[in-house]
Amino acid sequence: MEHSHRQEHTDGGMVVIQANLDDMNPEFTSYITDLLLAAGANDVYWIPIIMKKGRPGIMLNVLVGEEGIAAMEQVIFAETTTLGLRYIRAECHRLGREFFRVETCFGPMTVKVGYHQGKVVQFAPEFRECEEAARLHKVPLKEVYEEVRSRYRSAAGPLV
Amino acid sequence: MEHSHRQEHTDGGMVVIQANLDDMNPEFTSYITDLLLAAGANDVYWIPIIMKKGRPGIMLNVLVGEEGIAAMEQVIFAETTTLGLRYIRAECHRLGREFFRVETCFGPMTVKVGYHQGKVVQFAPEFRECEEAARLHKVPLKEVYEEVRSRYRSAAGPLV
Amino acid sequence: MEHSHRQEHTDGGMVVIQANLDDMNPEFTSYITDLLLAAGANDVYWIPIIMKKGRPGIMLNVLVGEEGIAAMEQVIFAETTTLGLRYIRAECHRLGREFFRVETCFGPMTVKVGYHQGKVVQFAPEFRECEEAARLHKVPLKEVYEEVRSRYRSAAGPLV
Amino acid sequence: MEHSHRQEHTDGGMVVIQANLDDMNPEFTSYITDLLLAAGANDVYWIPIIMKKGRPGIMLNVLVGEEGIAAMEQVIFAETTTLGLRYIRAECHRLGREFFRVETCFGPMTVKVGYHQGKVVQFAPEFRECEEAARLHKVPLKEVYEEVRSRYRSAAGPLV
Amino acid sequence: MEHSHRQEHTDGGMVVIQANLDDMNPEFTSYITDLLLAAGANDVYWIPIIMKKGRPGIMLNVLVGEEGIAAMEQVIFAETTTLGLRYIRAECHRLGREFFRVETCFGPMTVKVGYHQGKVVQFAPEFRECEEAARLHKVPLKEVYEEVRSRYRSAAGPLV
Amino acid sequence: MEHSHRQEHTDGGMVVIQANLDDMNPEFTSYITDLLLAAGANDVYWIPIIMKKGRPGIMLNVLVGEEGIAAMEQVIFAETTTLGLRYIRAECHRLGREFFRVETCFGPMTVKVGYHQGKVVQFAPEFRECEEAARLHKVPLKEVYEEVRSRYRSAAGPLV
């Protein structure tokens, strides 16, 4: 098992940018998500909401550092239909992260591991690699996923 | 307490018409609901769904008798963006219904009562009247609603 | 094309008031939305949530300036069933807005235009006028909407 | 590994009973689910929907055999606020099922296995047992779950 | 009618902890909710969201005082699959609360009452007691609920 | 404007296959959608639901002709975690469809047109082409979309 490293830490100075959209073609959402991530968003997610006159709208949420606000606005005002935005201050706690390579019956695969106070609390197979292996080997994706988890667990021991 | 009557019965020959919409402005939904009800729909409701490429769409559902299908299609194809519809056969069981008038401290109000096998199982204040009384008397809507329920219950006895 | 004007700006001192409701009759939501808007709310929206014991609740969200908090509380405590509220600080970025009148085959119609850094980024037909025109002329609402957008675009040029 | 057995099969004559509820206290949902399951429902689930006037309602869905309809109606009319029901005919395809016992570091645990055309396609730890073990041993539930899956997989081989 | 008391007040120093989960087995949610409440959370709720690549995720929300953050993190990192958290500052306004006992045809029952500026604005039957009475007396839960509300209202007078 | 053609028609013998999933990693949804479409599904969509014990599950829906059921089952049982399926019979009404090419300031683009009883009722720009043009010309996607709609409308006339 090889690895690369990043420390557990908390980022102050984060912002959740929100926009309620009740007149935008929902087809546009994935394109907008991709543009925002490419422009530096830490995360992008959409929440189904009910707006004035009972309209089924969607709320865009963009998590970004304060220094990235202007870039996000550029995308949001250009690509969505909103006439306004909300900013909500946030802090982000991020676990320490390492990537391990484990040997599996589908070849070597990557596992992302999360550390809280120096202890492993999460491990997750790299999803895109699992999809590729499932397609290549013509096996269920869930079988690949389970194989990778199982191999990591055998090598690294249980979480407790 | 006065009243009007309708028997409990089951309607065969009902249809749920469904259309998945991922490219329609959600502002249009309430206008479309009103047109469909005016054109004879028994009920109209919308279900948030997730469509191809993870798009947050909405599914239109129209409950109508078979004889009303053509009228519904006229509205749906003209007013939504769909290129197709699904029909699913259904039967509808409808409780016997009566409307009662009860005296309340906000004046006489209507209660809709539902009967299953001759027994009262539901009673509901007429919502629009409660809204009007709440506005007129400048009291909480929930207080009006509770008053009407309470008066009906005193007059008619508990459900058990 | 005539117009009226408002500058792009950011309001600090906004608040999102939230209440999780798991024991309120959902019929009450639109009445409460209307009361809150009439009492000065900038925006009101509802989010479907899952609460303790897996109950499908709804979260009321009210966006308002700090000076409006007391008025909102008056309505929320009187009209909903909540025993508490959350306040979350927010800032609101609002685009510059102008209203234009454009000539269409359904008569003169209003378009709301949004400006970011002096550039047009949004334009939206006034929805209520489109609904009225659609009813009056017995044409699909989407046709009216498209006609207004198309006329504005011809007059004002594309967004790029 | 011990086991008990049930064949893969398809049940015709199933019905999905649906009721749209826009005036029921959502607190009632889990109580109603339990009553319906106790009265013989095969499955009960709730779908968030948007009803007339933009009300955020919930749709009750009960899956049951035709012979169970009357018992379900008894519960639904007594316990919900609905004035009507829809029946939609369905067929149910059920996998063959076996229960295995596997040895784990938390003691012997049950795994439910699903067969399609004689081949194992699913296996799932018995959830309640995992919860109990997690509480008893003061370890994360996900660790127990993973341990059980991993032990079954070692004993029975991969799905492919 | 007996009672116990707590004053209306506002708590500064509250936090909403959020985690977006797109790779967690949804079966785990109720177990995690229970652990968080046992560890001192004021409230726990889940919001359905749409995440990267259109995945239908769920957002965990935990409301807690600042002093409880470490305890919540312990549970969240151990039991969910998240690699990070957001903290959003909040203030909580809590109504004054009293519990009353009222005589009903199902025996004495508890009602929770909420006060805003010294005035009763809410009253709610203790839900668990209503469930027990409904089971014991084999009557609809809604009948028990209504009886308790009606008795409280007769004793204490309307809200207005 | 060139074109290709397909008649308006109704397909009997369609089926909606449904599976309620409360223990599947939501990351798997888009992969499964793609496999089902590749295996011949007419449409695939997911509905957020609330299952036993208040679990936030998702319901898989696959629309397919009867002859495609076995192929869908193969994928669903292999790739999801379900132990069973429901089939609901449906008919599908599909509009006549033509594809037109229109000249725009971003080059020639495709518009899909829908006919009901020989009359144009829908037209929609080919979404993937709009995305490509927006990326290539570095303009907002909504501007490309509007340009294509506007050009088609100028060439073909309004819907009324």
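Note that the chains take the letters A, B, C, D, E and F in the order they are written out, and that residue 1 is the start of every chain.
In the analysis below, a contact is a pair of C-beta atoms (placed from the backbone, for glycine too) under 8 Å apart; a residue touches a chain by one contact, two chains touch by 3 or more.
To keep track of the chains, here are their UniProt names: A, B, C, D, E, F = Nickel insertion protein.
These numbers were taken from a predicted model, which means no experiment stands behind them.
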Partner chains that subunit A (Nickel insertion protein) and subunit F (Nickel insertion protein) have in common: B, C, D, E
Chains touching both subunit C (Nickel insertion protein) and subunit E (Nickel insertion protein): A, B, D, F
Greatest separation from subunit C (Nickel insertion protein) - chain, by CA centre: D
Label of the chain whose CA centroid is most distant from the centroid of subunit B (Nickel insertion protein): A
Rotation in the CA alignment of subunit D (Nickel insertion protein) with subunit F (Nickel insertion protein), degrees, nearest 5: 120
Listed chain pair D-E, C-E or C-D that repeats interface A-F [over half of contact pairs the same by residue number]: D-E
Whole-Å separation of chain centres (CA-atom averages), subunit B (Nickel insertion protein) against subunit F (Nickel insertion protein): 29
Whole-Å gap between the CA centroids of subunit E (Nickel insertion protein) and subunit F (Nickel insertion protein): 40
Contacts with 2+ other chains: residues of subunit C (Nickel insertion protein): 23, 25, 27, 29-30, 46-48, 50, 53-58, 78, 81, 88-89, 127, 140, 142, 159
Subunit B (Nickel insertion protein)-facing residues of subunit A (Nickel insertion protein), complex: 22-27, 29-30, 46, 48, 53-58
List of subunit D (Nickel insertion protein) residues in touch with subunit F (Nickel insertion protein) within their complex: 14, 16, 29-30, 33, 37, 43-48, 58, 61, 63, 88-95, 97, 112, 114, 116, 121-122, 124, 127, 159
Residues of subunit D (Nickel insertion protein) that touch subunit E (Nickel insertion protein) when the two form their complex: 25, 27-28, 31-32, 78-79, 81, 127, 131, 134, 140-142, 145
Residues of subunit E (Nickel insertion protein) that touch subunit A (Nickel insertion protein) when the two form their complex: 20, 23, 47-54, 57, 59, 73, 77-78, 81-89
Footprint of subunit F (Nickel insertion protein) on subunit C (Nickel insertion protein) - complex, ascending: 50, 53-56, 105, 137, 139-140, 142-143, 146-147, 149-150, 153, 158-160
